[in-house]
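Just below sit the structures, each encoded as structure tokens.
Two complexes come next, and they have one chain in common, chain A, joined by chain B in the first and chain C in the second.
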Partner chain A sequence: MSNGMLNRILSGDYPRSRALSALLVLIGVSLALGPFLFPGVRAFSMLGMICVFIIVVASYDLMLGYTHIVSFAHTMFFGIGAYGVAIATDAFGSGFGAVFIGIGGAVVMSILLSLLLGLLSLRVKAIFFALVTLAVAFAFLSLVTQLYNITGGEDGLAVRSPRELGPAFRPFDSKVPGFSVIDFIAGVFTQGSIGQAFNDAVFEVRVSGRHLMYYITFVVSLGVFLFLLRMVNSPFGRVLQAIRENEFRAQALGYRTVFYRTAAVIVSAVLATLAGVLFALINRYVNPENTLNFELMVFILLMCVIGGMGTLYGAVVGTTVFLLAQNYLQDLLGLLVSNAEPGSLFAELAGPDRWLLWFGLLFVLSVYFFPAGIVGQLRLWAERRRERKAAPAASPLKQES
Partner chain B sequence: MSAHDEMIGQTTPPQGVLARFAAFRENKPHIFLLLLMMAVALLMMDPRTWVLLTISGLAMGAMVFLMASGMTLTFGLMNVLNLAHGAFISLGAFAGASVLLWLSSQASEPSLLINLAAILPALGFALVVAGLLGLVFERLVIKPVYGDHLKQILVTVGGSIIIMELIHVVWGPNEIPVPRPEALTGAFLLPDALPVIGGVALEKYRLIAVVLGLAIYGLMTWIIERTRVGILIRAGVESREMVEVQGYRIRLLFLGVFVAGSALAGLGGAMWAMYREIITAHMGDELMISVIVVIILGGLGSIKGCFYGAVLVGLINLYVGYLEPRLAAVATVGLMVGVLMWRPQGLIPVIKV
Partner chain C sequence: MASLHPQSASEPVLETRGLTINFGGHVAVNQVSCAFHAGTLTSIVGPNGAGKTTWFNLISGQLAASAGSVHLFDQDITALGAAARADKGLGRAFQLTNLFPNLTALENVRLAVASRYRIGHVFWQMASRRRDISDRAAAYLEQVNLGKRADTPVANLPHGDQRKLEVALMLALEPEVFMFDEPTAGMSVDEVPVILDLIADIKNKQNKVILLVEHKMDVVRSLSDRIVVLHNGELVADGEPSEVIASPIVQEAYLGAPQEDTAGEEG
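Moving on, here comes the complex of A and B:
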């Protein structure tokens, strides 16, 4: 790939850190070949969730990181997308037509609601937006829970996705070989023989409609990410960042900041709706717990901040790290506690149910000490390295030691 | 500003019924909205139900006022938005509940005096625990991020997660039933001789909540309007720099307000625990919505607005909850949206936002 083409694809916004580039390539390859690298249902659904939440968190970052608008209604838009598809397939059957009706309805509703929210509260002050969205999202959650004849209430709805996207659809008759990376690495360490470990790591994948759905999600996720990268590096994105840095000056330069802010909120809402649609189709089941919960909203906030606000790469890294932690940190804590006596303070504090306590602590500390998140920190280190390389003569003593 | 308005009013007194009504609507929007809501509700239900719901709504409003007053003052005084306020409510509820459970022998006696020996320590403990945590929280979590709203929102959300998880660690993940003290259960019957509303049964606990809420509102109003500390708080809300220039340590004043606000949130949580008779660690999150609606409705930083906002939220919750239970939460938020469209600064704006 030529340099110019890469430049165009990434809109000139490079990772600017070797470690970060390596991490991104690792995540990208894992997601692209995921179903053939990680066996098991749990790993497969994990990969899907990472793709979906990269869209959610990247679009949230457009508001939080690039414009400094704090919204607590992002799950509401996510839920509108998910429920839009669920309700449409419930009413019109499991065709692609129903799915597109659901998407259309959900997008229109999201645009109207985000326009209302923007005009209602961005006019006054950004801080109002956080409070108003929190209240409105709560009202929406309660409405969805209460209107059980449409939404299924607490029980939620099963999504009747098209047959081509479900497990019953088999595009190929034969099985496709897969190669389990984790088993291979474990095998090399335990058995010592690479050939044996290689043979053990090979497994078979029955390609079904679920894989098709996964790759649709992956491609959309990649597309949305590159689109957002393009957007934040466009003149529009520069105005958003100008508003973030100093709203008064942006206004004085003649930009209608209310217009730009509302536009950012609408774009972000529509993308979250899209993510909700993909979530409904890949998860095939929606309820208030997995789409609209306040806890989910806080998780999105955590992913965005831990990855690094104001850097879209942070959304990718933050989402992956957080979802891995959510799924596997509990196992790790359980392993840790299994040696401690049950009922002791240590077992209470470090139990697998308490993973959120440690994540919350980590979050608060990272806001104080690494406000730029993982990506910001990696870039800072890379910057320092480059500076040291650029001026080696300035500190000859250091070079010797 | 209000004095200025009155002067204009005196020079050109509004002529005619409609003009006078419009002036009333603009000058006293909180009273206007309250009367309007009560009147509309009265038209939609029979008077006996209306009396019952109004008292219950006032009781709920009184408790929500306790929880919301601290948050509105911390915002007004120091521009600090504390989203962990809900966690203080939960903590107060759990602290109060543990004392009540510990003193359950006193609480289950039918005598009011013996009951008080359980209730007062419970409320006091809730007040002290939430206040102390408020002190620690302000020093450790909020102090480093003064003046940065974004970081405040982030760290207080994180702090809220930590407090809720610690509640899980200490009290376990399950919901806890809270026995309401014996003397507070049951209801008063209005005498039958009264016209229309005779024989309506009013729950004792709700009446007590109304009285306690009014008492604390009165006390706070007295402190803010009549004492030296109150003058400083009001001045600080108007202009922080001017108070600092006069040589007062506004940080200390703010710390005091924050601790008092947290303590009141804890007290409100403990009262809510006795009202609902069951508590979970996440009750604070749910109540936060009412609290947020109240402080936006009243105007950020205004105690009076906070009180009227709380009463409005309590009333609309009960009225709509009676007419169509599924829409109670939507109506609460709808009220906020409506008021924001009418008056973007809230009913009684104190600070310019």
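Moving on, here comes the complex of A and C:
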């Protein structure tokens, strides 16, 4: 791939840190080949969730990191997408037609609601806007819970996704080989024989419609990410950053900031809706807890902050780190206390159900040590290193002058 | 220059009619009517608190008038917001530096150029690939002697450079009306001529309206075609620089007293 092409794909916005580039390549390869590198149902669903939430968090960052709009209604738009597909397939059957009706209805509803919210930001600013979005999101949540005839209430809805995207659909007759990286590494250490470890790490993948759905999600996620990367590096994106920096001045330069803020809110909402659609099809079950919950909203905010606000790469890194920690911290704790005496202080503190405590602690530490998020910090280190390298070369010049 | 635009001598570009604003009970700008013609530089003087900046804010739309109106090319723009007025050609450089601190100097100017060429909505193109915009922005930076600072974030620029950048942003808007609010305040002595030359250059080469709020009387005297005096929010004198400076009301209200004393008074 030529440099110019890479430049165009990344919209000139490079990771600007070798460690970050390596991390992004690692995440990218893991997601691209994931179903053939990580065996098991749990890992597979984990991969899907990472792809879905990269869209959610990246689109949230467009508002939070790039424009400084604090909204708590992002899960609402996510939920609209998820429920849109769930309700449409519930009503019209499991065809692709029903899915597209669901997508269309959800997107229209999201555009209207986000337009209203965006225009509202004309009147209410900053924290008051955030509170209004919170109120709207809660109203929507209780509406979904109340209208159980349509939404299934607290129980939610099973999504009748098209057969081609389900486990029953088999595109290939034979199984496809996979290679478990983690088993291989573990095998090398425990058995000492690379050949044996290699053989043990090979597993078989029975490719189904779920894999098809995963790759649809992966491609959409990648596409949305690159689209947003282009958007934040376009003249439009620069105006959003100008609004973030100094809205008063942006207006004095002739930018109608309400238009730009509303546009950012709408784009963000539509992409969250799209992520909701993918979530519904990949998870095949939708309820208030997994789509509209306030806890989920806080998690999205955390992923954005941990990764680094105002850096779209932060959405990728933050989402991956957060979801891995959320899913595997319990396992890790379980492993830790398995040898501990039951009832001891250590067992009490490090028990698997205390994972949220440790997670909170990790979060506090990460914000304390990496105030600019993982990506911000990696870039800062890289920049300092470049400066140190440049310094000895520059000093003789200074002496001359 | 004026002879090239015969109508400009009679039709004012910008006019305020009975422009008034009161904050609670305090009338900060009181019934100010004044017309400005193309190709002229008008200085607005008066003690601190006289309402000069407030009047500017009413003209460029940062504040909404309590009464009266603002007209640009005979169109009533009183109801328009700051963005729409800037779009129609009102350029403003602020007294207190007012920039985008975490963006580079070049990016700051590029935002102004992008506004002038109305490409702010373009979301499918990389900003860096718009060479036309970047080149223009770089040229404006060069005009204010900031060419070498293009890639420096504004927050890291010294105060004087930020003032120059403030002027570059207004130049980049290519406005019909240039409003300079104490453009040289806080600048070091050797930087001041750069800005004054720029203002003189706009005056000589472009047939535009220039408004200048300035405390340095030598600057005012050398650049102005006309001087307007504000005092307690009211327009108290208006005319040729020599006659305004000589008038008793100006001598008493502003020029007679030493600068330090008037600076402390809330007029």
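In the analysis below, the second predicted complex is superposed on the first by the 363 of 401 C-alpha atoms of A that agree within 3 Å, B and C clash if a C-alpha of one lies under 4 Å from a C-alpha of the other, contacts with A are read in each partner's own complex, and residues count from 1 in each chain.
Going forward, a contact is a pair of C-beta atoms (placed from the backbone, for glycine too) under 8 Å apart; a residue touches a chain by one contact, two chains touch by 3 or more.
These numbers were taken from a predicted model, which means no experiment stands behind them.
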Chain B versus chain C as contact partner of A:328, first or second or both or neither: neither
Superposition-derived comparison: chain B or chain C, residues of chain A touched: B
First (chain B), second (chain C), both or neither touched by A:136: first
First (chain B), second (chain C), both or neither touched by A:242: second
Touching partner for A:354 - first (chain B), second (chain C), both, neither: first
Contacts of A:256 with chain B and chain C, given as first, second, both or neither: second
Chain A to chain B touching residues, read off their complex: 64, 68, 70, 120-121, 123-128, 130-132, 134-136, 138-139, 142-143, 146-147, 294, 298, 301-302, 305, 348-349, 353-354, 356-357, 359-361, 363-364, 367-368, 371
Touch list for chain C against partner chain A, complex: 60, 62, 81-84, 86-87, 92, 94, 98-103, 107, 110-112, 114-116, 119-130, 133, 169, 173
In the complex with chain A, residue positions of chain B that touch it: 81, 141, 144-145, 149-151, 153-155, 157-159, 161-162, 165-166, 168-169, 173, 285, 288-289, 292-293, 295-296, 326-330, 332-334, 336-337, 340-341, 344-345, 353
Residue ranges of chain A touching chain C (in the complex, touch as defined): 8, 11-12, 230-231, 233-239, 241-242, 245-246, 248-257, 260, 263
